[in-house]
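Heads up: the structure comes next, in structure tokens.
Read from first to last, the chains carry the letters A, B and C; within each, the first residue is number 1.
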Amino acid sequence: MNNDGQLCFSRLEKHYNTRHVLSIGRLALVPGRIVHLTGRNGAGKTTLLKILAGLEAPDCCDVLLDGCSRSWQAVRQRLRRDMVYLHQHPYMFDSTVADNLGYGLRVTGVPRARRRQVVAVMLERMGLEHAAQRNARTLSGGEQQRLALGRAWLLQPRVLLLDEPTANMDTGFRQQTWTLLQEMLNHELAIMVSSHELSESECPNCLNLHLQDGRLNAGPPSLHLVGQDRSRSQEVLGVKP
Amino acid sequence: MDSLLQPTQEAFHLLLTGDPDLWTIISISFRVSLKAILCATPFALLLAFLLAYVPFPGRRLLVSVFETLMALPAVVVGLLIYLLLSRSGPLGDLRLLFTQTAMVIGQIVLCFPLLVAMGYAAIRSADRRAWETALTLGAGRPRAMLTLIHEVRLGLLVAVIAGFGRIISEIGTSMMVGGNIAGHTRNIPTAIALETSKGHFAEGIALGIVLVTLAFGLNLILNLLQRREAQAV
Amino acid sequence: MKRTLQALLLGWLCFCSLNVPADPAVLRMATTTSTENSGLLKVILPKFEAGSGLEVQVLAVGTGQALRLGCNGDVDVVLVHAPAAEQKFVDDGCGVNRHPVMYNDFVIIGPPADPAGVAQSKDAAGALARIANSRSIFVSRGDDSGTNKKELALWQKAGIIPSGSWYREAGQGMGKVLQITAELDGYTLTDRGTWLAYRAKSPLKICFEKDPALYNPYAVIAVNPKRYADANYTGAMTFIGWITSREGQQMIADYRVDGQVLFTPLAIPNPGAP
């Protein structure tokens, strides 16, 4: 791991009106590792992911990118290019599966011939060749998930940010997702996955982070609860104080 | 029943034999209204998009203003533009009054609030995720805007068709700023008013048939498109 | 992509660009709906256009609006039939070179049965008085037109202020008013020209006519070039010259509707005579 390739966010703050939503000292994204971000509903996971993706503006934040520390505003465009955010139910554009897959390439000016080639390869890889010319909205949930991942993968991003990709899904779906993520992982890609479920992790090598009261804590959630919620959570978990 | 049947028969006869006066009137109507809608639409859609996606103070108020302007009667718009374009008015030197250009201007003013209000509603109805997805996949903001417009294209088309329907059949503005001059600014609605006031009901009905056919055709297209959208979702 | 967008934008701007017409060969004339409805202009204007090389654009509106258009400089010449208003038009400096052109007359039409006994009146004012007294329905133009002004002048002469449910102000052109009068089985004042055009389709008939008070003179006035330097004054004067010439006046005299003479030339009373 090369220091120049490190992506690090520090002093990240976000308010909604008077409510303090995020207050994070330091967050580093390591290529080749999957970060599992947990936290209750409403803890701010989506907000954090969107800030990292350049889609939502924090109140302040410094970004260490390629050895240079800049403000979030200054690197916003770069973030949008290098990070891809996936919604819990990814949005399908109202066109064919092939067009959806190639969207990112099209808007970044990749010539048509090359685009077609690359899209064809991805269609096969994701098992979607049979549906290439169908409207993407007719795909099943699982197929749409694969399309969304393929669409992001084609852009060769630095970081993939998935917002609760497996919430309320059956085991088959979860396994498919985690398998794909492992496949995609390489020494240039970092992945961050959020979920609100405290217990499971399909990912034994994941780095665990827990978002609570706007702060990030490392490690499995049940051992690092701090603040006012501690006694309550211990109650919920059945641990005697 | 006779008083209805006979002029109707004459009307069909006039249309089918290609009566030149009639077809001049019809072509003026289409030329003016098509030009107006084509000029107004891009600007109106851009404004609708800005209203929907760019937060600025007074945004909600501006939207309400456009929604209210939709209800402005055509004759009021006509009067205002007449006062502007008249030789004794501020823009009199342009010598635009009683020309097709004046009618186009009038019809642009007439359909613009409708296009903005309905365009705004259509764009607001778009899934927020569409915008975010476009951006995160590398689209710049102008490109993301085009993508969004593509996503809600049906709703926008409905707005355009509604706008066109309003201006092709309006008489208040055309009459006031066009002057109903034969061969120049006499379009379908002003001609119908003139012919019926002269008691030439056959001509009035013939032109009415053209408008009804057009309205029917547009509605048909709209229904087909809406059904297609329902299937695609 | 960017280049396509730029090309599209340029194309759209060109398409929308205003084309400013400035045609000296065009003469804009405001006249009244009744003049237009009589069909006279359709017959005589082509002859004028062929001879002068001018294209005449006719705006047929109410007298009040026609004169307003003249005062605003939106037309070059007006042809109306409202002597008092015409005088004011000239006095106010809106128009110059007023010339009488032709005249026809007004008639009072009503139901064939003539319930108000209008046919027995000695004069037009008396006829209206009979209608008021019998509270028969009377439909007024109500639109400040030449016909309307004549009607109000007659009411004044009869010493009556018309009001009540029997007096209906339509605010419409003459053709429309004739239709309304027929539907309501009432009376109205109309110029003979429009009446001749509608006679065949109407169940009503002429109940009173031929009172000198019903005289309806038409005049042509050029819009004042001192006020609007780019009004087509030469064109207006060419038209005035033509319509008061032997040729123009003869055409007016020759114009027939249903075999009936409609207008009598005023400028040259006997244009055919040597």
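In this text, a contact is a pair of C-beta atoms (placed from the backbone, for glycine too) under 8 Å apart; a residue touches a chain by one contact, two chains touch by 3 or more.
Because the structure is predicted, anything quoted here is derived from the model rather than measured.
Contact with chain A and chain C alike is made by B. Comparing mean CA positions across the assembly, the chain most remote from chain A is C. The innermost chain, defined by the distance from its C-alpha mean to the mean of all protein C-alpha atoms, is B.
Chain A and chain C have Cα centroids separated by 78 Å. The distance from the centre of chain B to the centre of chain C, with each centre set as the mean of the Cα atoms, comes to 33 Å.
A straight line joining the Cα centres of chain A and chain B is 46 Å long.
Taken residue by residue, chain A touches two or more other chains at no position, since every residue touches fewer. Counting partner chains per residue, chain C shows two or more touched chains at residues 1.
Among all residues of chain B, those that touch two or more other chains are 143. By the touch criterion stated above, chain C contacts chain B in their complex at residues 1, 12, 15-16, 18-22, 28, 33, 37, 57-61, 71-74, 172-173, 175-176, 178-179, 197-198, 201, 228, 230-231.
Taken in their complex, chain B has these residues touching chain C: 35, 38-39, 42, 86-89, 92, 94-99, 101, 143, 179-182, 184, 194, 196-199.
Against chain B, the residues of chain A that register as touching in their complex are 50, 53-55, 80-81, 83-85, 87, 90-91, 93-95, 103-104, 107-108, 135, 137-138, 151-152, 155. Within the complex formed with chain A, the chain B residues making contact are 127, 129-130, 132-140, 143, 147, 150-151, 232-233.
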